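Heads up, the next two complexes both have chain A, just with different partners, chain B and then chain C.
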Partner chain A sequence: MDDKVLTADEVVGELSDGMTIGIGGWGSRRKPMALVRAILRSDLKDLTLVSYGGPDVGLLMAAGRVKRVVCGFVSLDSIPLEPHFRRGRQEGTIELTELDEGMLYWGLLAAAHRLPFLPIRAGLRSDVMRVNPELRTVRSPYPDDEEFVAMPALKLDAALIHLNRADARGNGQYLGPDPYFDDLFCLAAEKRYLSCERLVPTEELTGPPQSLLVNRMMVDAVVHTPNGAHFTSCVPDYGRDEDFQREYTQTPWPEFHAKYLAGSEADYQAAIA
Partner chain B sequence: MSIADVCVVACAEAWRGDGEVLASPMGVIPTLGAKLARATFSPGLLLSDGEAFLMHENGIEGWMPYRQVFTVVASGRRHVMMGASQIDRYGNQNISCIGDWARPKSQLLGVRGAPGNTINHPTSYFVPNHSPKVFVENVDMVCGIGYDRGAFEIRVVVTNLAVLDFDTPSHEMRLRSVHPGVAVEAVVEATGFKLSIPDSVPITREPTESELAIIDRLDPSKQRESQLPRP
Partner chain C sequence: MAELVGLAEGIAALVHDGDTVSLEGFTHLIPVAAGHEIIRQRRRDLTLARMTPDIVYDQMIGAGCARRLIFAWGGNPGVGSLHRLRDAVENDWPAPLEIEEHSHAGMANRYTAGASGLPFAVLRGYTGTDLVRHTSSLATVTCPFTGEVLTAVPALNPDVAVIHAQRADRKGNVQLWGLAGVQKEAVLAAKRCLVTVEEIVEELDARPNAVVLPSWVITAVAVVPGGAKPSYAQGYYDRDNLYYRRWDAISRDRDTFTGWLADELGS
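Right after this comes the complex of A and B.
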């Protein structure tokens, strides 16, 4: 319990084909990219990804590891459209559960609270209901009698998140402006994996206490991955690598894979240095 | 004065009278509009930096991470101005994909927060390229809901040609004003459904000199000029 440190490859060894995996961050911001790259080095396939999607979804789709994406968008922020997500959708190679961003939040919150669903207005009377015919509505039992979407819990087999600092026990700290939904991804998941920029002794997790986003009962393993969110942002440690992101969108996948992803994480970090 | 300046003022006008609500503009011209509105006739507006901070002219005045944005959305204290790849006469909007959803011809952003925005709080749209491809009989994927599906309020649609609203008995789209130099017929031709046209269509108001000075201060490199199609 005092040492939950694993390597990225050991974490991926605990995952299996067909799992539903939640990925923290938002768009092209603080994504656990070193863990995603470790999945790319493995044989994992048929994954269902739940994500405020960015290049995490794009890379795994490009490599053919994804069966279904559950999301409200897949975007690179400064580049609005994710090329591999677009191609996968247009070529019909993946299934999609398209939800309003707020519905995704509510689904994670329901799973975190062990509730089968939570009521929400978002989605009602939009085509989200048409393209997800399994969604049900529910009526308020109170005199208002209002109808809501009964957003089902998004239960995850595993969650992958990346934070700025963590200790070996699984306490984690974000130092940027937004926690995104990383704590909820952990609370909604069976197995919870935290990668971090810097692994520090517990007493060095200083700063505002509210920056301690996840604690050790929410985390099963910790991975030390310096520059592990590259090329997404991980402020204040570093911003998004816009030049590299542009190269990612403009380079044919086989060429990009051969140049950056065919070797180890150390090879990747050397290639981008 | 340029058409981009007229669009900035028309976007600003969307937030007139809104008080202390979160203004969420998407894109350069709507963002300039929201900032102009706050600097002039809607000083109560709250604006984020696009990340997690609420920014006043002199710096950070609040913290608004994404999870709190969704709570503000549900509370109704927000007025968003989104884009639209397609929009119909009732204000149903599509930013998700073009073609059959099951296998789209062109995958775009996804529904993002449009369903939740439009059912919870006022929504406006900015369309930089008013054309029959955007203004369609039926959108391919209803992301933002229109009045016929119970939208909370679609306030205005600002385009490079005109300002449109839904101030008709059936809440169908109406031409509110044409920008200086734009003929009513040009708007009709650029719209893929039958617009409601009043007997007399006013001209969209031009920026005042003090508004132009503020716009120039907010956008000294004139980024706004590259947002509209070339005439």
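Right after this comes the complex of A and C.
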């Protein structure tokens, strides 16, 4: 398929209640925020989010769309604690699968490799085993007989990621310093949605081949969302909007929602301009 | 931190009789000159590991360096069998050679486990093949969630990894690009490593798809221009396909081979 371009609302139309959705990026960095805002405009609910969490998790929790969070952390980087995640945990409004970051990576890798689990040392002799009683261990079949956590595959119904550049076929490029785990989110998911700062012809995807993080086999739809990671960073196109992030953490949710999120993406971009 | 050495000095210091040695490179960047130096220094009883043993391992086996071979595919690419490997396995000439055969994915997983500090790796390979009967190092792990029985392969941590790369800087940081095999994994899994390079440069420029192995994972670097011939080094020289074809005739016959050893390597 040569043209996979959809609107953010069309993407959300392909999602359904109760889905397990992986969200790329890391903390408050290169998050597919325009897609998250489109979910906020929909009626989607009871979502399980798998994320190196940031304001993606916070916004969806504040809006009451989340049943469970699977994460190693939820943080805004420059503001260590995500306020809505913190409140949700304190009030017990969500279920939590709390993992070591390496375990989350291994779970996505297992799903990407179509394996049911992968062995990992992280998590052993920590409270991770106590708070996740469904976890199991395996033993090395060799004479060392070492015990490992069996990290189950984190299979995703859908993945949402945001990259700097993409073409209409779903080839995507990051230009910043870190790929995070966006390729694994796509490889672990049934449906893969890529939003991008700039939609370009394929021949303009120049640069180091390894910057081409995802290819068209790993992507089902592409969404053109300029400034779509706002207020998280999308280096080198823009950095994090620290003033806005501070306002987000300090403004009561109904007020914040009414001011920025009650309208369309265009309204949002106009409000922050 | 990596030390800059001569090739003979590096092999003498790092490769010892009885070691498990991986010369890695996948069609491209095969460390042939280093293999020849191992022959010249008459190393014995080596366990040779490699994903795709080709003519340099044929030469080392024919010269009597190896006691054992851990491998996936073995052959003279695009030409045919490795006749010295066959002669060793079939007729114990010049010495008996034990073989441990894996799949490519299995070997890659073994190096990756070794590089990761894990004792084993889990994959779906081997199932339904005769390798399960012939390769005693294979094991199984049962998934505690699904009950599925998966293949386990043990980590491979060579005593020495030897690779060839395009460039290093004076600090011993190594850069290689083009078609890469499991050189990075082999180096990270090995206790010691020697990297032969086409040249030393003052500064490693940023290159697309270039693997940079930092100095602190490398034991020694030796400058050996042409050190991958008759394989190729992207950006430096092409593959000498005629040499691979000629090797078939040289290697078929013990006398021709020993003549080649004497003429080419003085060995």
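Going forward, the second predicted complex is superposed on the first by the 273 of 273 C-alpha atoms of A that agree within 3 Å, B and C clash if a C-alpha of one lies under 4 Å from a C-alpha of the other, contacts with A are read in each partner's own complex, and residues count from 1 in each chain.
In the analysis below, a residue touches a chain if its C-beta (ideal position, glycine included) is under 8 Å from a C-beta of that chain, and two chains touch if they have at least 3 such contacts.
Computed from a predicted model, the values in this text were never measured in an experiment.
Novice: Here chain A is shared; do chain B and chain C fit on it together or clash?
Specialist: fit
Novice: By the touch definition at the top of the document, which applies to A:85: first (chain B), second (chain C), both, or neither?
Specialist: first
Novice: Per the overlay, which chain contacts more chain A residues, chain B or chain C?
Specialist: Answer, by number of touched residues of chain A: B.
Novice: Using the touch definition from the top, say if A:150 reaches chain B (first), chain C (second), both or neither.
Specialist: In the superposed model, A:150 contacts chain C only, not chain B.
Novice: For A:125, decide between first (touching chain B), second (touching chain C), both and neither.
Specialist: first
Novice: In the combined three-chain superposition, what is the angle centred on chain A between chain B and chain C, taking C-alpha centres, to the nearest 10 degrees?
Specialist: Between the chain B and chain C centres, as viewed from chain A, the angle is 70 degrees.
Novice: Under the stated touch criterion, which partner chain does A:71 make contact with: chain B (first), chain C (second), both, or neither?
Specialist: first
Novice: So in the superposed three-chain picture, is A:116 touching just chain B, just chain C, both, or none of them (first/second/both/neither)?
Specialist: In the superposed model, A:116 contacts chain C only, not chain B.
Novice: In the overlay, answer first, second, both or neither for which of chain B and chain C A:253 touches.
Specialist: After superposition on chain A, A:253 lies in contact with neither partner.
Novice: Aligned on chain A, what is the least Cα gap between chain B and chain C? Give it in whole Å.
Specialist: Least C-alpha distance after superposition: 5 Å.
Novice: Which positions of chain A sit in both the chain B and the chain C interface?
Specialist: 121
Novice: Quick one: in the complex, what on chain B touches chain A?
Specialist: Interface residues on chain B, with respect to chain A: 51-53, 63, 65-67, 70, 73-74, 96-97, 101-116, 118-120, 141-145, 149-150.
Novice: Could you list, by residue number, the parts of chain A that touch chain C in their complex?
Specialist: Those residues of chain A that touch chain C are 113-119, 121, 136-138, 140-142, 144, 146, 148, 150, 152, 207-210.
Novice: Which part of chain C faces chain A closely enough to touch in the complex?
Specialist: 118-120, 122-124, 139-146, 148, 150, 152, 154, 206-209
Novice: Please output the residues of chain A touching chain B within their complex, sorted ascending.
Specialist: Interface residues on chain A, with respect to chain B: 26, 52-53, 71-75, 80-81, 85-86, 89-90, 92, 98-103, 105, 120-128, 130-131, 177-181.
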